[in-house]
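In what follows, chain A forms one complex with chain B and a second complex with chain C.
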Partner chain A sequence: MSTATVQHPAPTETDDFDPRAEGQRLIKDWYAQLETANARNAAVANVFVMGNAVEILRAFDFELVFPEINSLQTGVRKASEEYIRLSEDYGMSPDVCSYVKADVGLILKENEHPAGRIPKASLAVASNMCGTFIKWAEIWERWLKTPTFVLDLPGQRAAGWQVRPGDAQHAADARWVEAQFQELIVQCERITGKRFDMDKLAEVEARVNKMVDHWNNVMALNRQCPAPFNAMLDGLTYIGIMNVHRGTEEGVEFMRRLEEHLKAKVGRGEGRVAEERFRLLFSGTPCYVSMRRLVELFETWGGVFAYSDYLTFAAGGMDATDLRYDTSRPLESLAEVTALAAQRGLSNQFFAHERLAQQIKDYAVDGVVFHGIKSCRFVSSGMADTREFINKRLDVPTLYIESDLIDPRYWSDAQIKNRVDAFFEALHQRGGGAPLARKTVATA
Partner chain B sequence: MNAPVPYDHEIELSNVLERCNAAARETAIPSQDELPEGFSGTLGHFPVYFPEEIAHAAGLLPVNILGGGNKLEMKHADARMGSFVCSICRSTTELGLNGTLQGLTGFVTHPICDAAKHLAGIWSRNLPDQLAQILYLPQNVNTPGAARYIAAEYQRLRADLEKKTGRAIDDEALRNSIRSYNVNRRLLRELYRIRRDEPWKVSCTESYLLLRARTRMPCEEHNALLARALDAIRHRSLPAQDKPRVVFVGGFCEQPPLEMLEAIDEACYVVDDDILVGLRWLTEDVPETGDPIWALAESYVERSDASPVQHDARKMKEDYLMDMLKKSKADAAILTAAKFCEPGLDEQLAWSKHLDGENIPYLVLEFEEKMTSFEQMAMQVETFAESLLFALA
Partner chain C sequence: MYVAGIDIGSTYSKAILIDGERKVVGQAVRRTGFKLNQASEGVFEELLKNAGVAREDVTYVAATGYGRHTVAFRHTQVTELTAHAHAAAHLFPDTRTLLDIGGQDIKAVRIDGDGRVRAFRLNDKCAAGTGAFLEKTARYLGLTTADIGPYALRATKPVEVSSVCAVFAESEVINHLANGVPAEDIMMGAMVALGGRAVQLMRRVGLEAGYMLTGGMTHNAAMIKALEDNLKGKFNIAPNGLGQLNGAMGAALLGLRRAEKLLAEGKPIPPTAANLGTSDAPTRKRWSAMAGGCVKTR
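Up next, the complex of A and B:
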């Protein structure tokens, strides 16, 4: 997510496009819109970035609150500690997800957020993709009386799990997801007083299709050497827009211009860093309080995060060309794609070694950096074991560092710097470190 | 020739408990030679709930994997799982890596929390010969279609087990298993009824050992032991003591150490609990006729218990705790959570806030299966019990 709050005019020419500034502008506008939502009597829904039925909610004109983004924004804006401490004083354990704690802090501060006032939601949709989502939604359910819909999305069941669109397993899962969508629609009708409009759903889906096409192309551009963007810095802005503006015109336009912008960059042979020496994969979640610093520790060595699984799971697993909605059968197709996307998103965690093995090849990386988060068991519980696998069985160098998403108390600069430096020294010893040759542009 | 020993219910109960204690403390799984008759292998399953009937009908002994207790030495898992993960996941990983669970035919975990889901990946990377998987029991049981989805998931499991064992699981075999487990359910309901009505007759620790024994023996053997135990318990003539009646919650997944339960038994009557709730998840008999897979799936949706790791709009967590307190006529609650268990810790806080509002006394305890020192906890429980008795006097 972007950091500053400076107003930036939307550029008219592609060459003027500044993704960071434009991303910040869109996020700022979104918060401004939320600020007035309750006064305008707009329907508001709390949703998570993974598994959220945004397409249906948009068809009902819900305005969307992403509590995870609220929490990470407290980190970005250096205010998270205050929110976290408030929740701990209230009684929350130090050992639970810091996003939840920041959100409880927000409730205790009566929704006063550094980005503006967060409106009260009339519905929450929580998927099972991260178990904490459900426990989190239960807090709103009991405390704020927010009606909660738990969207159950079955994930990968076992290693080597192959589900192809239309096969029996996919059909069974999609049928279950569709049954839940049907029920969610009834709830949305009740809450908004509006009739469900299938055409409107198809329109939202058409826009999501466009965004996903651009998003896939954007991700694929980073297979180039040098990589035009850093997945864990620039990528965080992009994914923020993918989530917050999923299915909006602004979202489509942002992703379209982003793709153009990055393509032009690749055409000019420009990389994210002046001299790319190491291509890396980042596995895990960011540390929003110090992400700029963390990236800097790598980039000073010429190391760029060409890919991060965060960009896959935190966008709900939508980065695959086969995940396009068939707008002639909007609801069925939504269920089918959601079932597949959820599995992709989840597989990046629970059977991470399979995905990572592929991504290491796709992005031609020299090493994998694992970022363990004490309070996020979704990404961290299997990480050390996955690392062992990547190291020993695939013979790919890895680095493990630990901090937190937004709790500054867990950032230890000297310790992390030492580890990063030692990692690069080891990479040099393996013969790496020379400026990497430019590679021809592969098909996006 | 010796004269027949007259039936003594205390001796009978202590014999049964001895057998149960041995089974309950066992982390190892039976080897191929030790398997009970009719079983060709073992299927490990992680808490909370697993439809044991399906494994049982496949000729796989269902073995509930409940971590390593407080005697296990961690040699491998420390390097494979962060220190911030709950003990049951870490010790289960250790048992997988140190060879103890090497002989399992399969290992099934569930989407109860993210740490538990990761076990399937860890298993598949380190014990690739086993059938390691996540049984995706739904977190939404309220949408019509949930039972149908669960039935599809059970059918998938059934097919996977058939493929692994090379043995077909026919409907009749499943119905037979359901029948055995229905007997078990009835016996366990009776055990808990006695706990509620005459808690002086059976302690929480005894009841726990009796229940946990099922994790290492066939259901039929467990039924026989339970029947003997219940008969002996009914005959017991222990006097009721002046102890407060409490409900214990927080034992749905990682297991509280026995010494902790003993300390609580010393000071209180634990008249209901959620310990090993997965082993008694289905609260009524499962229909013994019709499609057995459907019967199990539909029972999961319509006639099942509650836990902090199952969302069900019909069973708000505060409501079911209040229900437990009411039905068991308890004076107070002991709200526990396993260290680093995020869902448990979240619930513990919510419960305590709710009981504050209801003016119901409670004690908050955090435990770890690997705890070895209990003096402080025993003192806390004793002080709590005394304050309750004082307030109730």
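Up next, the complex of A and C:
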């Protein structure tokens, strides 16, 4: 392991908001709240990060468990291998998604998680955003008798075709999704014994809108040189809050203060690293178990992840200005946004090259790093084509590394370090490597 | 002035000494083993002995390879991709696509006329595309690494060794032996399989004529044949056994360039990593300096 240290600018005295500490506090509080949920007889729902109808569940005061986040947290806390091995001992194949295996390990450990005890859910909401979600929910259904509601969200139907907001297909998709929401509402009423309150849904959505506005501004701030945050370290904390606190007052406040904090940083000309030399884009899903180490390998060379498509992919459909709720018609609008976000999520590999080309331009990116996931071919299989496009058509250098979401057995430090070092040497030879303070970047 | 390039690979450690005219004055190769710091010290001692040069007469040491950070007496380090590309451009200026088959990895590098890396690919973590795969097969057939080339050239009907996994390939070898297949046909089959994977990797960086082969496989005539048959082209190979020392050569050349620049500017040669009290990663600044101080302004 490297002992090289990366210099980070010291926080200034006038800015007392520490996004990392505040993010950790909010996550800790969330787990503490979950720990007592069953004792308080609170309704609890298992939901996934994508396609989850969280706004409806919040309107019924469900407390939310994100099994994907539970699993990644075992990785962050360096405990994932224990959970994964438990599930493999039970009989799960090494090829199965490591998030699922960590969750199965959690069940086998009777819900004892490093962050606290995870409550038993009264409902699980899954969707076809990932085929594994449905099989995963079936495990809860069979083992824990958790009632499951599966949303069918329309995705890609033809090559080269995308749903556009407001077109006839989008309207039809939204009606299809809305009808399913109506069914979900009936089920929520039955589980919680509460009547559905449309005004409350609108209130949740209004808070989500505020978060989206701040989020878009936060993302745009990283177009500045130097970038005020590292998308693959700081950014992961931010989207954690975007998901866990989606539609809460705490979530709005965090994002508001975050934007303020980052704006001030930009104003002072402070970057994530003392000397930003290469601006990078990270494409794919993180290796949560070694993310700090990975970022260190890049920052040692002055490379900062100015953008990551993961912050779009995993932000629960809260990443674009056209994904904003019309609170005057909350349910219809929720269906429209969900249908659109799902379509983009499901189709993202078909159009990844277009999306990345734009982001490379917007964020003045010098190189793109693809991270393939050993236990998730769904998010990794299109990378080879996208990489080819970026290399050959855009002449932007790329690097492909592979490990896993949270399985530390797939992390090979020497191999990854060698690739990263060679990547930077090649970037340098292309004429990169200058401090970027004077680089001109379009700002939002 | 003498400059040394030390390449600490996963299987072999290689060292080369060049003079100020870029002429090779000594070389050494030895097994790396599991004590990497001893490997670098050992290969360096051997190099000095072979060249008849005293340690204090070596002005600059540049390290490369997986174990580059363990060379305590290095002045700088560079990855083997950059080192190979630099040496390739020096030895064969028309090189555009370079293939290096190492003990535990395989690299395809596309370079430009100035020896700059334009694109590179390394094999994934599986050992089926590496020298270790051939060594494993040879060991099973009771052959030494030095034997396998001439032995495989006797093959009349190479068999297919199709597995993408080095460990599973061993089962195929056992199966072929059980079926009475001559060992030379099995050995050549393994080389054809490895050659196929290696050329595929070259295609992924974009095959551009001007091919160069480096690494220990440059001693293996059968492997060269398997690769060239698949490529339908010829490889340039460094003369006098230098193919295996290409990475060390590249490091030495880069080191010499740096030393010349420092001396021309009247600056002292910086302390070695050991004197800096670190045996680990470079600072960004050090690399910029090594590359000629060419921190460019966009």
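Assume the second predicted complex is superposed on the first by the 409 of 444 C-alpha atoms of A that agree within 3 Å, B and C clash if a C-alpha of one lies under 4 Å from a C-alpha of the other, contacts with A are read in each partner's own complex, and residues count from 1 in each chain.
In this text, a residue touches a chain if its C-beta (ideal position, glycine included) is under 8 Å from a C-beta of that chain, and two chains touch if they have at least 3 such contacts.
Fair warning: this is a prediction, and the values are worked out from it, not measured in the lab.
For the composite obtained by overlaying on chain A, chain B and chain C can both be accommodated side by side without a clash. Of the two partner chains placed around the shared chain by superposition, chain B is the only one that A:179 touches, whereas chain C remains out of contact. When the two complexes are overlaid on their common chain A, residue A:85 makes contact with neither chain B nor chain C.
When both complexes are overlaid on chain A, the residue A:422 reaches chain C alone and has no touch with chain B. Legend: residue contacts after superposition of the two complexes on their common chain; A:391 is shown touching chain C, with no touch to chain B. Working from the superposition on chain A, the chain A vertex angle toward chain B and chain C, CA centres, sits at 80° in steps of 10. Between chain B and chain C, B touches the greater number of residues of chain A. Contact with chain B, but none with chain C, is seen for A:151 once the two complexes are overlaid on the shared chain. When both complexes are overlaid on chain A, the residue A:256 reaches neither chain B nor chain C. With both structures placed on the common chain, the touch criterion links A:277 to chain C but leaves chain B unconnected.
Of the two partner chains, chain B is the only one that A:353 touches; chain C does not reach it. Once both complexes are placed on a shared chain A, the shortest Cα to Cα gap between chain B and chain C comes to 7 Å.
The residues of chain A shared by its contacts with chain B and with chain C are 402. Residues 91-93, 95-97, 100, 128, 130-132, 134-135, 138-139, 141-142, 148-152, 154-160, 169, 172, 175-176, 179-180, 183, 349-353, 372, 374-375, 377-378, 380-386, 388-389, 402 of chain A are the ones touching chain B in the complex.
Partner chain A is touched in their complex by these residues of chain B: 79-82, 84-85, 89, 93, 111-115, 117-118, 120-122, 124-126, 128, 131-136, 138-140, 142-146, 148-149, 152-153, 156, 308-309, 311, 313, 316-318, 337, 339-340, 342-343, 345-347, 349-350, 352-354. Of all residues in chain A, only 2-4, 275, 277, 300-302, 391-392, 397, 402, 412, 414-415, 417-419, 421-422, 424-426, 428-436, 438-439 touch chain C in the complex they form. In the complex of the two chains, the chain C residues touching chain A come out as 66, 78-82, 105, 116-120, 122, 124-125, 206, 278, 280-284, 287-288, 291, 295-298.
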